[in-house]
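Two complexes are shown next, each including chain A; its partner changes from chain B in the first to chain C in the second.
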Partner chain A sequence: MSWTRKILRVNLSKGSCTSEPLNMEWAKQYLGQRGLASKYLSEEIDPKCDALGPDNKLIMATGPLTGTMASTAGRYSVICKSPLTGAIACSNSGGFLGAELKFAGWDMIIFEGKSEKPVYLLVQDDKVELRDASHLWGKTVWETDDILHQTHQDPQLRVACVGRTAENGCLYAAIVNDKHRAAGRSGVGTVMASKNLKAVAVRGTQGVGNLEDAKTFMAAVDAGKGVLAENAVTGQGLPAYGTQVLMNVINGVGALPARNMRDVGFEGAENISAEAMAEPRASDGKPNLTTNAGCFSCTIACGRISTVDKTHFSVKDKPQYHGASGGLEYEAAWALGADTGIDDLDALTYVNFLCNEDGFDPITYGATVAAAMEMFEEGVITTKETGGIELKFGNTEAFVAVTEALVANEGFGPDLALGSKRLCEKYGRPELSMTVKGQEFPAYDPRGIQGMGLTYATSNRGACHLRSYTVSSEVLGLPIKTEMGDAEGKPELVKAFQDVTALVDSAGLCIFTTFAWGMDNIAPQIDAACEGDWSVEGCMEAGERIWNMERMFNTAAGFTGKDDNLPPRLMKEAIKSGPTEGQVSRLDEMLPQYYQIRGWTEDGTVTKETQQRLSL
Partner chain B sequence: MNVSIELYASLMKHLPPGKSRFRRDLKVDDGLILNRLIEQFHIKPEEAHLVLINGHYIDAEERDDRKLAAGDVVSIWPPVAGG
Partner chain C sequence: MQKSLHIDPGKCTGCLQCEMACSYEHTGTFNPSRSFIKVFTFHDEGRFAPYTCTQCDEAWCMRACPVDAISIDASTGAKVVSDDKCVGCKVCTIACPFGTINYAQTTGKVVKCDLCGGDPQCAAACPTDAITYIDADWTGYDRMMASAAKSLPSAETTAG
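Moving on to the complex of A and B:
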């Protein structure tokens, strides 16, 4: 329905909900979702504010294509200042909530202030109200979702909420919608809980409308779906194997980090791979993977729905985990598995269930445990701190125990809730935190894949693969193959991926479409739906504008070029064996070129000329 | 000479019975060309999207000329992606 042109502003301090018109001048420059909400945040908060104070704002934003028939058009993002990094946070989620918000007639919800007591927001089309959530505080995501459905007696109600980890101040808590889709990274759930906002429940009945040129839009959408269906990756590979198919690929090319990135290459990778998930297990003859699943309007359906072996020690006496639920995606399987040295598929699936049930980012969590394990093996952390748990790499029982401690906020749990940066600083070993700007790495070693080092270092939300997924080119050959060990050409590649991704994230579409779609598939869909110049050139310029705006927010928050860095391990400790043996990240070569291509100063500041060129 | 082949994802269906999940050890003629090995497993060229020898990427254009050496491990994936 393109833009609804309406924003819901919720002042939690006052308990007020007001409707206001969308700033269409900004919408034509920043499109929607990530871009437009980041513009609102940049204009409305002090980037230096306390991320967990009432001055921070939290925006749930859809894109103009969210809720339409375009493939994957169910996305929404949560934008705020991150408590984990201090930088701008933007976490993107699928499922069905984003489209429902659009059906209710809202482009975005801006939450400001802080409620005196726990509340949830109920949105039923134009009828919006804050309701008491005292009875929901202390409940898990799954319990909260069930209670709200029972209360409102509407199976089509869509719920996004935080779990107990967010309430307890875990710095990487997620906002989970539809029980297992998450705005997972950078602690956006922690910000939501800091405002005493437990949940957002949405029901919309207003359907689709307001398309600039409906006939052209439907033709462009139809053509786009055809491309996705015919493409071997989006039409066959992703639905059959999901993202987890990468486990063996990345291990095979010598870029799978293991054991807190101390090693590259994990001997247990195949046991936690997509192929292993599809194998019948010995106990009941059923595979871990129950089915694939799609988000709203998705014609790819890469999602994994899994079960844990009921006889496995982690769930043996816990029937609540015997059903099918959101299973392992690649990044989670890596962080929870290879990075901790654990190859027990059932244990990892159970821990992933806990990440969904209580809303915390499995990437940051797994990497934080990995850092703790390295410190334990070095004797920096002992059983005194862990409450008797032998937190060594590969100890599955220990991993399950500390995860349950995190959820219960007991024992070693509060230490793990800090994230690896603060945890490693607390124990005097800051160099063992595998982070950029305080956020943990995902599943690609930047020593092996050079473009990913630059991607991580310059990501506006800290280490992240979803800001420029150059793996696509450097490993998978999509759209063209580049050599993963080369630094040459990577600044240009990273910039192009960053700009395209910023635009796609602002449209309401899923970034996975770009395995098959180029901008010449995407721009016509946006252009037909939206007022303004959304030609290929217009889209690329908007993507670049959004990237630079986020950068300027971070500069105003106090970040400089010195923060575009990688931990010393990745710059100095060469890969010890395998096809990438001897490699370190060559970030030092790539970064100055990247700044130059971006039109930034030598210390990474956006120049006045670049600001003017992009109308910033 | 002895080489090994690893087939992943949907290509696993081409593997003959064996103990390993992905890998089969083979005896082949000395200097066997990579594409001839791929053909022996009835893998269509468009299915062999990502081909590695000992972890190193082999471009499609090189596969008709590339001779295998004893001990080589050939790993093949169909078009896949993730993230």
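Moving on to the complex of A and C:
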């Protein structure tokens, strides 16, 4: 089993909370979390609906392994239609909330409608109620978390909530749980706030049991943990350096974009790398990194807990930022740093704290500032718009100032809250938005790493590295080495990574396990826990089914093959220097092959035959 | 040889594998709320600390129990609660100076670490060796060795 087989449906318009049985027929096809919740969303909403209207739904979903002892099995996902992209959104988060929801006896919560007044949902096992949240509206994530813990006098309570940016309509607001883990991308927090839902507070005491075959499960889990411990990336690199281990690596191979992807290669990379985070600083002799931390059940523990130098200008007079909190991950360090041309580690850590404190996606935010900086340098945006701030690449003080303006919803903040696509359109330079389907790129240049170009172009939630992380193969050589400059073979590679990822995201596991685990490590854990066919083949087919279902949602929402593109800069402006000099993305070669392998038409529509083959 | 749980908070990542292993061993479910070992997170300090019963020789809980429900497991030295005898009076929870014996609403009895009969599952599950099960006489061994290493004269000095 391991599913609780129960769904909590919360109608915010009516103020009702009802329990209903999980559709087990769907569970056996879509597993859980990303896959299963996307199935519910596809069945229950009109893909053309207004993402910020009451017709959109927001689903918080666990996987069947969430809350078990399988390594990393603490994940949950938030699924809805995205206000940033108009496509299906699925943002995955770690921390402890997902497992707690499972312990309370729920596989997922479906929020529908819109509350008249701000409310929060309190879940204590079977006891579920919507409570007034007027006193929480206008509070930060950190304040909300603290207040709810004080109110309920329960140190074990787990809280997921939105901050002020979501309330203010910032299109890339996140849902933050456990203070610094986030369902970060695609504006899922904006959708939550649009429903006047401030927080979800959960306490579960029922545990997860009734595994299909407990003995086999524990043996598979132990074997899996052993594989993670012995692998160089999951056993050593990630615990010691976090994802930031990549900063110098990706810069070294010539794939670290800089300054709104105008350049590739960042001269300040070393100053904002994992190695820099471990260096004792002059003021107090302590390094930026306090410790690594694990999410629920995770034996990798890549999480960063950091402090900002108390003497740094950004926090000098702000003691509330002097404690330890969630530190820089690679994508955040890149977007906030390399993409803006800033190599001040303390400033980036402070801005990262603000991203957690008020719940907004550091990738989209950093990339949006980068686009604004380019337009500022070209004179399209001036100090008149920025409120006197010299928003040039590399200007740390300016970056800190506009971030505080975003949080306060003042000055240039509301412009930055639009995301880069709408911002660049507003100022007449749409080509400067480094996005696919309206969502900003993460930290790998698709001109340098060809597979990532196809990954970004075809990702169902807009540009994203977490839909098929072919960097693993193209740079790190896991599970097999492919050449990052080659376009040949990449359509097959991308498809395989996409399908595996879709399945892992539906199980309750973290995608970082796949640096070490293949499907032959993952499938036995799912199969022992769950009813149904979860052999390697069964898992791969479910992954493919989930991918195609998401694609069909987007097609119904109005997307076509024309939206599987990259900005002209990445197709036409060759990399100017370094090991990848002269390269552009060869998406044009890869895309038709990809469609063919997927069993889609030439314009990227899922064919009837493919739908039948996958029982869609 | 008597063995003890040895906890090194500096190695803990807060993953709760120990809580799940404990609850699975004792209840057959993954359920941190029923674990006898707890991991505490000190958020602002960026610190984690697993904590459980240290199995005192002169155990306050055992002395306080009015119905002799707590006894010593001769093979491990663990103080073990007998569910048949425990009446749920909670006097032991008042007596324990460390808070590591607690009442469980689900059963109406008190619960505490029993060292899993000599094979503590928390230690087996810990991925970073923050929890180990070692010779009770030498729980300070690693720290003692680290201090000894610091006291060594440098190689250059001794070479002459």
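Everything that follows uses one rule, which is that the second predicted complex is superposed on the first by the 615 of 616 C-alpha atoms of A that agree within 3 Å, B and C clash if a C-alpha of one lies under 4 Å from a C-alpha of the other, contacts with A are read in each partner's own complex, and residues count from 1 in each chain.
The working rule: a residue touches a chain if its C-beta (ideal position, glycine included) is under 8 Å from a C-beta of that chain, and two chains touch if they have at least 3 such contacts.
Please read these numbers as outputs of a predicted model, since none were measured by experiment.
Novice: Would you sort A:G67 into first (chain B), second (chain C), both or neither based on which partner it touches?
Specialist: second
Novice: For A:G578, using the defined touch cut-off, is the partner it touches chain B, chain C, both, or neither? Pick first, second, both or neither.
Specialist: first
Novice: Of the partners chain B and chain C, which touch A:G558 in the superposed model: first, second, both, neither?
Specialist: In the superposition, A:G558 touches no partner, neither chain B nor chain C.
Novice: Which partner does A:Y330 contact after superposing on A: first (chain B), second (chain C), both, neither?
Specialist: first
Novice: For A:K179, select first, second, both or neither according to whether it touches chain B, chain C, the two together, or no partner.
Specialist: A:K179 contacts chain C only, not chain B.
Novice: Scan A:Y241 for contacts with chain B and chain C and give back first, second, both or neither.
Specialist: first
Novice: Which of the residues in chain A end up touching chain C in this complex?
Specialist: Listed in rising order, the residues of chain A that touch chain C are 67-69, 71, 96, 99, 103, 156, 179, 204-209, 214, 218, 225, 229, 239, 290-299, 301, 303, 305-307, 323-325.
Novice: Where on chain A does chain B make contact in their complex?
Specialist: 231-233, 236-238, 240-246, 248-249, 252-254, 270, 274-276, 302, 329-331, 465-466, 469, 471-472, 475-478, 481, 483-484, 511-512, 515, 578-580
Novice: Given the complex with chain A, which residues does chain C contribute to the contact?
Specialist: So the residues of chain C in touch with chain A come to 13-17, 20-21, 23-24, 27-34, 43-48, 106, 125, 127-128.
Novice: In their shared complex, at which residues does chain B touch chain A?
Specialist: For this pair, the touching residues of chain B are 6, 8-10, 12, 21-22, 46, 49-50, 52, 54-57, 59, 75, 77-83.
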